[in-house]
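Let me begin by handing over the structure; questions about it come next.
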Amino acid sequence: MSDKLKYTEAFEELQSIVNDIEEGEITVDELSKKVKRASELIKICKSKLTETEEDVNEILKELEE
Amino acid sequence: MSDKLKYTEAFEELQSIVNDIEEGEITVDELSKKVKRASELIKICKSKLTETEEDVNEILKELEE
Amino acid sequence: MSDKLKYTEAFEELQSIVNDIEEGEITVDELSKKVKRASELIKICKSKLTETEEDVNEILKELEE
Amino acid sequence: MSDKLKYTEAFEELQSIVNDIEEGEITVDELSKKVKRASELIKICKSKLTETEEDVNEILKELEE
Amino acid sequence: MSDKLKYTEAFEELQSIVNDIEEGEITVDELSKKVKRASELIKICKSKLTETEEDVNEILKELEE
Amino acid sequence: MSDKLKYTEAFEELQSIVNDIEEGEITVDELSKKVKRASELIKICKSKLTETEEDVNEILKELEE
Amino acid sequence: MSDQQQIFTLKQVVSSIRKTIEERYQRTYWVKAEMHKLNRYPSGHCFPELLQKEDGKVVAQMSGSIWNHNFEKINQRFIEVVKEPLKEDTTLLMLVKVSFHEMYGMSLQIMDIDPNYTLGEIHKERLETLKKLKEQGLINANQLLDFPLLPKRIAVISADSSKGLSDFNQVLEQNEWGYSFFKMLFPSYLQGDLAAHSIITALSKIEKVKEHFDVVVIVRGGGGEVGLSCYNNYELCKAIASFPLPVLTGIGHSTNLTVAEMIAYRNAITPTELGEFLIQAFHNFSVPLKDAVKTIRANSLQILSENKHLLNRASVGLNHVTNQRVRQDRHHISELAGLIKSGTKFSFMEWKKAMLSIRRELMHSSSILISENNSELKTSNRNLNHLSLRAIQDNGVMLSQLEKSIKLMDPVNVLKRGYTITTFKGKLIRDVSALNKGDEIETISDRHILASEVITKRNRENE
């Protein structure tokens, strides 16, 4: 999992994978690899979200003090 | 049964055998050999599918946790 | 009756005999001889066919299991 | 935090960030930076306000004497 | 503080500053400067009033003797 | 200007100043000047009540001419 | 001179005339005549000259006599009724008796004089004067003058000895407020026949020095109500009415106002009242001065206190609006901070929702992909089954048909059903054209072989 990947890029790649699967452009041979990648991307996104949320909450909490 | 054979190749060979049979291009002499091959290919494909399904499910299950 | 004879060869010979008879200036003696040969070829083919059917059924049955 | 920034400028920038956040025009990647900036601007504004209030109160108090 | 400013002018300027502040036409950046000016004007007016009152009382006292 | 005219005008000017003051039409800026002027006028008028400057001999001289 | 001529003494003649006249004029008569001169003697008797004028010329003249006791009685009634003593140069209605006296000759003995007639005459003069003044537009002339704010320089027309003058002076001089008046007396007769002219003279003197005066007063007093009819005199009234300074009168207690009093700027019944009027004028000037100080004080203080109030309000207002301004901005900033909080919260919610939904899509589409492949595979499997079995079947059917054909072709089976085979020279005959008449043919049946000869040959089509 690469932290260098931005949320936006990760999300776009994820979207593109899901689209490919949906439109049947992926063979059974590729599927598990693709799903694995998607899973990683989801994790990256989630982690980015959590991280950002914590950051934001901290900033906002500090603001209230 | 060869695990090196990809699902896609296996499925295409299978399809081609079925087509040949359908179009009567296979003699009675060849028939059982061909059916045997087709049967092997079906097994390969099934196994690949099952394997992939399990992989995917595992990955996705892991994601949910 | 030769088991070495393939279904295809037998079937072709049989076909040819039937053609000859139909078209033909064949003596009655010859005719009887041809008919005898044809009968032998039919037996060979039937036997091959039955054999193949059993083989195929077995393979397919195995596949369904 | 730059004291050279005028209250008005700070307030306008803050307003613009708030608008962007409300209209969902900010990506996850930018969000914490933007919130951090907004937080700074809020501090600047508050500090300017406090400063102004103290100034004004002093002037007015002096007037009452 | 300029004594050359007339009471009337000073009072009108004061009134106008109060109005401007009330109607939100003065930014926080300008506010303390404006309040300072208003404070000066109030002092001018007060001093003018006191001076006038003393003058008037003196004149009237003299008249009654 | 005859004496009579002077105090009459003085009395009228005084009346007008008193009216202006009464009706509040005088600004703080004008007030002490106006009161001062009124005071002068009152003095002029009061003195007229108790003073006479006519000379009988002068009149008699004029009568003889 | 004849002896017969009777000689009378003067006394006889005069007596005779007296007797004749006395006989002739026994009655008394009411006579209207002008009494030119009263001619009262120390004895108290009067011997007035009576005359009648027409167009200014004397057309009748006669002496009259009023005995002292009559005169006293007549004069008394005049004063009572006319408020004037009997005076010269007036037309009177007299009750007379013609008398003749040996010593003094003809005269009209005046028994009585009708005061009401004279009263009427005075009234007539009064009306006449008023009418003339009116005609000349002078009736209000004096009253229309501006009264000086301070009537402090006073030309007094009076008599030195007048009680009225001293009353007037006392009022002005003893005022407790210290008001200062300048007075100058222009002496004059104030009643009787000489008064009118005398006052007119005084007025003309005053007019000469009018710049030194504010008002003229005519004061008279102590003389009772008698002798005021001169104040109806047209010339006097005209002089008063047209005088450039206000003329004030205080001449007595006349029942009927005289014309002079009517047209004067102001009339007071007594000199004292006139003095008080002037004092009042000073009051009218003085009071506003005192009030002015009060008003100025009160209103200046009011103006100042109003301005103090306004200033205070502005100051409080400044405080208020400034605090409000700062408060508003604080509030606004808090709001913005709140919006950031809610905005980011919402964004996170959306993003999380998007994540969930994309994960669901991933799962869904993966499982669809697998199940599609699975069903494709199943179809292939089914096709394989079906098609391979059919291939076998098809071959079986073909074999059966061939078998059937072979069976039909087997000569043994043909002969068994009663058919025969005809041969020529050992070969099956397929073409009859090769046979000729006389050719020997063999017919093979199930069990036998027949030999025969061709006799005829004909085409079946022709039958």
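Letters A, B, C, D, E, F and G mark the chains as written, and numbering starts fresh at 1 in each.
The rule is simple: a residue touches a chain if its C-beta (ideal position, glycine included) is under 8 Å from a C-beta of that chain, and two chains touch if they have at least 3 such contacts.
Not measured: the values here are computed from a predicted model.
**Student:** If I superpose the C-alpha trace of chain B onto chain C, what rotation angle comes out, expressed in steps of 5 degrees from 0 to 180?
**Tutor:** The C-alpha superposition of chain B onto chain C needs 20 degrees.
**Student:** Just list the two chains that share the greatest number of C-beta contact pairs.
**Tutor:** Top of the contact-pair ranking: F-G.
**Student:** Whole-Å distance, chain C centre to chain D centre, using C-alpha means?
**Tutor:** Centre separation, chain C to chain D: 100 Å.
**Student:** For chain C and chain E, let me know how many angstrom lie between their CA-based centres, rounded off.
**Tutor:** 131
**Student:** Just curious, how far off is chain G from chain A if you go by their C-alpha centres, in Å?
**Tutor:** Result: the chain centres lie 83 Å from each other.
**Student:** Suppose each chain is reduced to the average of its Cα coordinates; what separation in Å results between chain B and chain D?
**Tutor:** Spacing between the chain centres: roughly 67 Å.
**Student:** For chain B, write out the residues touching at least two other chains, lowest number first.
**Tutor:** 7, 28, 31, 35, 39, 42, 49, 52, 56, 60, 63
**Student:** I need the residues of chain G touching at least two other chains; which ones are they?
**Tutor:** In chain G, 293, 296, 300, 304, 307, 315, 318, 322, 326, 329, 337, 340, 344, 351, 359, 362, 366, 370, 373, 381, 384, 388, 392, 395 touch at least two other chains.
**Student:** Can you give me every chain pair that touches, using the contact definition above?
**Tutor:** By the stated definition, chains touch in these pairs: A-B, A-D, A-G, B-C, B-G, C-G, D-E, D-G, E-F, E-G, F-G.
**Student:** Applying the document's contact rule, which stretches of chain E touch chain G when the two form their complex?
**Tutor:** Touch residues, chain E against chain G: 7, 11, 14-15, 17-18, 21-22, 24, 26, 28, 31, 35, 38-39, 42, 45-46, 49, 52-53, 56, 60, 63-64.
**Student:** Of all residues in chain E, which touch chain F in the complex?
**Tutor:** Touch residues, chain E against chain F: 6-8, 45, 48-49, 51-52, 55-56, 59-60, 62-63.
**Student:** Can you check the complex and tell me which residues of chain B touch chain C?
**Tutor:** 27-29, 31-32, 35-36, 39, 42-43
**Student:** So in the complex, the part of chain G that touches chain A is made up of which residues?
**Tutor:** 337, 340-341, 344, 348, 351-352, 354-355, 358-359, 361-362, 365-366, 368-370, 372-373
**Student:** Along chain G, where are the residues that touch chain B in the complex?
**Tutor:** That would be residues 359, 362-363, 366-367, 370, 373-374, 376-377, 380-381, 383-384, 387-388, 391-392, 394-395 of chain G.
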